[in-house]
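Next come two complexes, and both contain chain A; in the first it sits with chain B, in the second with chain C.
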Partner chain A sequence: MNLFDRYANTGALKAVHPGEKVCFAAACLLLALFFSSNHVSVAVFLIMSAVLLGRAGVPFRLYGKLVLMPFFFLIPGCLAVALVTLPAAGTAFFVLPFFSPAVGITAQSLALAVTILLRSLAAVFCLYFLALTTPFNDLAWVMRKARTPEAVVELAALTYRFIFVLADTGARIYTAQASRLGFTSAGNAFKSLGGLAAGLYLWAYHRSRLLTFALEARCYHGRFPVLDNGFAPSAGNRLAIAGTVVLLTVMGLVF
Partner chain B sequence: MTRYIIQVEDIHYTYPDGTGALRGLSLSVAAGSKTAVLGANGSGKTTLFLCLNGLLKPQKGTICFDGETLSQKRQALKKLRSRVGIVFQDPDTQLFSASVLQEVAFGPLNLGLKKEEVLRRVTRAMEITGIAGLQDKATHLLSYGQKKRVAIAGILAMEPEVLICDEPTAWLDQKHADKIMDLFCRINRAGTTVIISTHDPDLAYAFADRIVILEQGSVLGAGGPEAVFLDDDLLARAGLRQPQVLETYRKLRAGGYLREGFPLPRTREELLQML
Partner chain C sequence: MKKCAFLLTVFFVFPAPAHAMHIMEGFLPVGWSVFWTLAAAPFVWLGFGAVSRLFAEKPGYKMLLAVCGAYIFVLSALKMPSVTGSSSHPTGVGLGAVLFGPAVMVVLSGIVLLFQAILLAHGGISTLGANVISMGVAGPLLAYGAYRLGVRAGLSRTMAVFAAAFTGSLATYIATSLQLALAFPMETGGIAASFARFAGIFALTQAPLAVCEGILTVIIFNVLLNYNREEVQLLLRTGKEAA
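Let's look at the complex of A and B:
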């Protein structure tokens, strides 16, 4: 979380108009989901990878981790899709032993699993792109421009801020516990963890009260106003987005 | 005649858990003055400040701001809070925006000002506090000292008549603490009434032109810094030590080591000049 945020706030694409970045990510995401074609999915994955590595300045090591991360949920998910009950013996090229009726992988189920895997990977990379290049403030700005209800934007903004506050406090409580040998055995580790969770809750409650004070002290009246950021749109970026959309659409229609 | 911007008359506040934070506290703050509220932890400093901003309502007693009794009506509160700015001790409780610029702009935008005016104030506040280079940074990536200055800038941008700062130098290193106190002096010269809380007698003595000592929710003693800090009896009752500059001055003077014709020294530099 923190890592993503650091890149979004310091990366090379921070100065690019957030509307363009959101459009780019959203267009690629929607096309990948809509066509559900392996070619389009792979193309989106490759385009996003190229942009992240080439223009956003994401280091190769981090990129490697980013590729591996989704597989934690993709592999079990796709296995569940690939394994089907077999109507008749002989259609599958892999059969699990000891199951009745027989369970195995057929060519069709495997193809479906691969399609889902590629599609998910493409979708995850669209979101990676957004998370690694667009700071939350800019995202909120786009949400406002897109006429998202104020309450939703504010909720998102406060949630975002408090994730860090909460993570920070959690880390501090953990350090405090660990320095007093709170995690030396399985038994006291569980006990400490319970204390941490309870402490975090109480603390979050206290914090929300203080936040109310801080907001009211500055004349808060139910609305979070923001200053316009004044991003300059770029014709080149728009052209590139349009080109990508056309390319992906053609690919989706042809293949 | 002195114009009192804040007059507190016998206020009581007890927290829901039964802690009696304020017990019959009275004090007056002159417009344009620098007041330091001294007191141990739990003496009621923070609660007092929350009351002065209308964030807590005293169960008993009255608070007057600029001659008007504080009311709990929405509009009156908004007006009060636009004139009295409060900087909280822990900047993490105050900063909630994701970026520094938005954070500093929050207050002025709430005042309903035009965008140009907001930008002017924000830019000025960020310049005064020395955080102009941080404006696009995310607040959670700042260091503690930076957060503290952003919190102060967020209040300064509202251009309040009274600036209240709870423990302005807590957890800051000497250099940044000096900078902040220097900043408060400048703001004060420009006409803003400044109230700080601290438990550091040296800081209070160097900064303030009026000292208020709190103990257990009421005022133990108040007056000019010389009067308060030369009152050994009062200091003993408050459990405070004399500011080092003053203590050294008295010892040196008693020994006849100092040149005559100087006023009471407030800072180390002034004392050194007298040697």
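Let's look at the complex of A and C:
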């Protein structure tokens, strides 16, 4: 699995205060959603691209993939928004053949689809920024500071840990099956995947029991106290975030 | 017939979306994002209450739940062979609902969706509420309902599990289409017509996917029962208690 986590843990922005990164991503996301204007969306997209490529050190190849990925959802999604039943003939500049109440794309529906496409792209890039610069442990730190119930944070942290354990085991089982011709036909693939998923579940169950025993042997009482490493706040970063917010707000109000 | 021709065209032009039906970040207008977040809140609250009670009773339950969350995450990343030739991914909704019960699934799907957003950029933070409603509430509830109904009607376990997984996968997709239709009604025809277009476009990929997921879930379940009957039955009981 190609998880963003690797980049978050090795990227140039790892040491930056996670609160600042969360604020930056959240502010841009909210403004893009709130104004829902093409100008603001493009601005957010460009700002995020510049930060990802320039400061976070995201390689160009990955950046290309990041741009293309959302279109798997956006193409059918926006197509569905653009296709409308036409009230009268002649109002559309594209009409689908074969439909009795005419179905097509009007200038209005196309404009709406484009707005949604740009807004989604901008929003996804805010998410990319967060995902590619902030490891989960730092997010958990922010969640604790924001007074999220401890049980939620614990459960999320444990789940996070097990994702890697299970993904690793799953990948090994997959390799073992593939090397024994387990995926040569659709029938084989179903059988192999069923075995993989069931085996993985049993392994996961076993691991959870082992962890319970290990923790109870160490006097576990429902909390994992860890050292608070602390992060140095940066005046420059805060100024940059404030500047971006002001810029986007002005853009949203003017256009 | 005409509709079929249109759907086939769309299908060949646009291959299956690579991942389960999650509404993408930023796709919903801000008002609907807020609405679905508020709508999901009571379910998450109830689910979390049920889970917390189990935490207090059984100390190992938190570990088990975390492992199950990770399991659903990894399961949804598996490439499943699809009838149409394109690869697709199971949602894990049906299997989760049968194994853990719908109350637990709300909490699990919330956490899984959060990690899918921040580790894979599938779904999103602003659309988390909407996705929790479709994947954590509508899907598991109907899947669990189908499973219980199937068992009560005297279906074999295999058929009941297939029904659960099929229903769960399909219900998730119908709920998502409905959410999209509500957010983007058409000027002529309104929400109903809009629902038809979203459901129509996504049905091509989702209907065969639901069948595949049903088959896969049955295989998984049978292997689980063959090798670990006791533990699976213990889990089925815990799920029922939580529900």
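In the analysis below, the second predicted complex is superposed on the first by the 252 of 255 C-alpha atoms of A that agree within 3 Å, B and C clash if a C-alpha of one lies under 4 Å from a C-alpha of the other, contacts with A are read in each partner's own complex, and residues count from 1 in each chain.
As a working rule, contacts are C-beta pairs under 8 Å (C-beta built on N, C-alpha and C of every residue); 3 or more make two chains touch, one makes a residue touch a chain.
Only a predicted model underlies this, so the values are computations on that prediction, with no experimental measurement involved.
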On chain A, do chain B and chain C fit together or clash when superposed?
fit
Contacts for A:Asn9 in the overlay, against chain B (first) and chain C (second): which applies, first, second, both or neither?
first
For A:Leu96, is the partner it touches chain B (first), chain C (second), both, or none of the two (neither)?
second
Partner chain(s) touched by A:Gly19 [first = chain B, second = chain C, both, neither]
neither
Would you sort A:Asn137 into first (chain B), second (chain C), both or neither based on which partner it touches?
first
Touch test for A:Val165: chain B only (first), chain C only (second), both, or neither?
both
Once the structures are superposed on A, label A:Ala217 by its partner contacts, choosing first (chain B), second (chain C), both or neither.
first
Look at A:Val226 in the shared chain and tell me whether it touches chain B only, chain C only, both, or neither; answer first, second, both or neither.
first
In the superposed model, does chain B or chain C contact more residues of chain A?
C
According to the stated criteria, A:Ala198 is in contact with first (chain B), second (chain C), both, or neither; which is it?
second
Now for A:Val152: first (chain B), second (chain C), both, or neither, which partner does it touch?
second
Rounded to a whole Å, what is the shortest Cα gap between chain B and chain C in the overlaid structures?
9
Which positions of chain A sit in both the chain B and the chain C interface?
5, 136, 158, 160-161, 165, 207, 211, 215-216, 220
Under the touch definition given earlier, write down the residues of chain B that touch chain A in their complex.
50, 53, 55, 77-78, 81-82, 85-86, 88, 90, 92-94, 96-99, 101-102, 105-107, 109-111, 115, 118-119, 122, 136-141, 154-155, 158
Partner chain B, residues of chain A touching it in the complex
5-6, 9, 14, 135-137, 140, 157-158, 160-161, 164-165, 168, 207, 210-211, 213-221, 224-228
Which residues of chain A touch chain C in the complex?
1, 3-5, 29-30, 32-34, 36, 66, 69-70, 72-77, 79-81, 83-87, 96, 98-100, 112, 116, 119-124, 126-128, 130-131, 136, 139, 149, 151-152, 154-156, 158-163, 165-167, 170, 186, 189-191, 193-202, 204-205, 207-209, 211-212, 215-216, 220, 222
Using the touch definition from the top, list the residues of chain C that touch chain A in their complex.
2-3, 5-6, 10, 14, 17-19, 22, 24-27, 29-30, 33, 48, 52, 55, 59-60, 62-71, 73-75, 77-78, 80-81, 107, 111-112, 114-115, 117-121, 124-126, 180, 184, 186-189, 193, 197-198, 201-202, 212, 215-216, 219-224, 227-228, 231
